[in-house]
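The structure under discussion appears below in the form of structure tokens.
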Amino acid sequence: LCPPGVLPLCCRPPSWDRAPRQPPGLPLAPCRAFSNNKIQVDLDESSGIAMMKFKSPPVNSLSLDFLTEFSISLEKLENNRACRGVIITSAIPKIFSSGLDIMEMCGKNVEHYGEFWRAVQEMWLRLYGSNMVTVAAVNGSSPAGGCLIALSCDYRIMAENPKFSIGLNEAQLGIVAPFWFKDTFVNVVGHRVAERSLQLGSLHPAPEALKLGLVDELVPEEKLLEKASAIMAQWLALPDHARQLTKSMMRKALLDRLVTHREEDIKYFINFISKESIQKSLRMYMEMLKKKKS
Amino acid sequence: LCPPGVLPLCCRPPSWDRAPRQPPGLPLAPCRAFSNNKIQVDLDESSGIAMMKFKSPPVNSLSLDFLTEFSISLEKLENNRACRGVIITSAIPKIFSSGLDIMEMCGKNVEHYGEFWRAVQEMWLRLYGSNMVTVAAVNGSSPAGGCLIALSCDYRIMAENPKFSIGLNEAQLGIVAPFWFKDTFVNVVGHRVAERSLQLGSLHPAPEALKLGLVDELVPEEKLLEKASAIMAQWLALPDHARQLTKSMMRKALLDRLVTHREEDIKYFINFISKESIQKSLRMYMEMLKKKKS
Amino acid sequence: LCPPGVLPLCCRPPSWDRAPRQPPGLPLAPCRAFSNNKIQVDLDESSGIAMMKFKSPPVNSLSLDFLTEFSISLEKLENNRACRGVIITSAIPKIFSSGLDIMEMCGKNVEHYGEFWRAVQEMWLRLYGSNMVTVAAVNGSSPAGGCLIALSCDYRIMAENPKFSIGLNEAQLGIVAPFWFKDTFVNVVGHRVAERSLQLGSLHPAPEALKLGLVDELVPEEKLLEKASAIMAQWLALPDHARQLTKSMMRKALLDRLVTHREEDIKYFINFISKESIQKSLRMYMEMLKKKKS
């Protein structure tokens, strides 16, 4: 029985009613890791905090494989009663994530585009709708899809380095952020900032990102994870059940909107990305990136 | 005949077309008071401003009785053509209102929960939808339901005392602010601040409340009422009719949402509050409060 | 094929795919002007930027004639592939536009009110929904409808002169800003600032307008147009197609809302403005203005 605006969440009891995490007599298993090719996950069962590190060189692009592993990792943690919160960061210097992998959107067939887009949606639905506390420790640049990941967390801290920038810069590539990227952005920074930033495809240096409310806090890079843990402890001091229902109440409308329009959104993406003019834009952007490197 | 977004308000003529408030020849009755057990109301008919003081020791809890008297007082003023605005404050030092009375939500039967919740809704519908100018003079702490009262006014001034705090801290108690508390909060501070503050159940000290936009102004405590009157005069300088239609246009969507889902919201509350896990949370919270006192 | 939240926009190719603007061999026509009685338009075809100057003394009132010419000018530019952006400013010192012409709303018949209101709607639909980049260079005061024009642009710069003010001050006149003025305002400054400013009918001096986010930037008056051109160049650096789709995604909900309720909105306006109490308010306001002048 749910009022308008509240997700029919699983009925976990509030955390302070929880059964003890360890059956009595068993030794403590304070830290468990599971990793895959692209993401390293360490769960500290004593604190209930998982650390998730993107480690897909060179720039943590959100390829189909990466997205799939990300969603599986989130699902594993979500289903693990020992895990209450996750800190998301990068194992690669200077970059949090470069966003959607353009290679997945260029010169492929319609089936591939559809599969890829469904994986992008899946990742967002899991992350934005997570019952866990999610803290982004943005330790490098974070354009487009990388920015979306940060925006989808409950709290964002960023390394205090003006060389690192963050933003939904899709318009710079000649493409358009989907409506649910936009909705997520508006919920964080408000309509005006989002309208301007999205139209200009702006990448905001860390200090500007703080000023716009795109991130909540700047921290010297070497203190980023320490700070993320402190923030996490603060959020985990709250009883899970009430916090989860509250989060769901704040985010349900957006999640529902994508769920309702999911197939439509995939069709639109396939149609849009298949256009020769868009393919040309993406090829030009990739060539520009290559030239920059060399 | 109303456009979308505008309440079919009563068709009071604009204030400057109004008939004189006093029939000629009658002596002026500049100040009328009506009080009940828990709220003191003084109406200055010459200025059209009512002063409403909560005086229900020890902490102006919003019990069923208090809520009923509050709604009746608002209705009386609303129907009195001599009244154009109301200043809401507390007669009790250090506390504006402690919010919903936990005693009404603990260990009672289903009928009681339903009656109580309907009274909470009624109060909000009257206050948020009032045609009068409403100014909250927050002269003490104002958690949960107390904060809702302030949020529902047209303007909020708060005593400049960092010991006084304000916020929707329901999550701290293991319960969830209803969607219309949340909507009211979002309309004042925006989505991001609301999301974070509600999930953490934050109580913001006055200076922080100002920074977040939760209150409009801080004033030294001894000048609070003087300032409230000055603000009120500024708002009353506008013709009532246009101001009322404008207020209605801004607030109608939220009011409609509760009116539409009112019974559903009551059922949800009854169901939620009747859970043993929630009852346990509330009992633990009350015991914590008792220990704090002693 | 469009996802929710995206206008079925014309399928102009992205700007960098465009055919050259001039057939080879023809001489360059760098600057074309078309003017009408009330608005001066100069289009620099080499940059793709049009300069539109309101020149309807004494105060650029939005009369039926003015609105019609404004809409026609916008349509001409919109349909001209050589035009990608328009800067809107005033040729009259100290005033950007005084807003809707009260003469059109006073003592006229029902048909006239309907025709006038349709022209106001038409102007806004064209401006707020324009595919071009629109920059308001607000070089004077800009109340009511003048403020709406600025709010409907993509970017607002204002002369750094505290004597110039801007705002939706309808409530001061005893009338109510229509819902789509309100929606446009909320999208720029957020719900709280809009609620307060609209109820008080506030005219904000330039520095305050900047603080509230009502304008994006203040610039010394003599540098206003230079700055507007620089801003425009920044926005035109983006590929048109992606920027247009993004703009449409941000603005479609509001545009749709008026399109859907257009006839209803006209009927409401006619009914409201025909009321004797409202006519009396407007007459009083005009007399007040006359007295101020003399």
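Note that the chains are named A, B and C in the order they appear, and that numbering of residues resets to 1 at the start of each chain.
Assume contacts are C-beta pairs under 8 Å (C-beta built on N, C-alpha and C of every residue); 3 or more make two chains touch, one makes a residue touch a chain.
Protein identities per chain, from UniProt: A, B, C = Enoyl-CoA delta isomerase 1, mitochondrial.
Since the structure is predicted, the reported quantities are computational estimates derived from the model, not experimental observations.
Peer 1: Pick same or different for copies chain B and chain C, depending on whether their interface residues overlap by over half.
Peer 2: different
Peer 1: What is the size of the turn, to the nearest 5°, that moves the C-alpha atoms of chain A onto the matching ones in chain B?
Peer 2: 120
Peer 1: If you average the Cα atoms of chain B and of chain C to get two centres, how far apart are those centres in Å?
Peer 2: 38
Peer 1: Can you list every residue of chain A that touches 2 or more other chains, as numbers and ranges?
Peer 2: 190
Peer 1: Quick check: in the complex, which residue numbers of chain B touch chain A?
Peer 2: Listed in rising order, the residues of chain B that touch chain A are 170-179, 182, 190-192, 194-196, 198-201, 257, 261, 264-265, 267-268, 271, 277-278, 280-281, 284.
Peer 1: Please give the residue numbers of chain B that touch chain C in the complex, ascending.
Peer 2: Its residues touching chain C are 1-6, 13-14, 16-17, 154-155, 186-190, 213, 216, 234-235, 238-239, 241-243, 245-247, 249-251.
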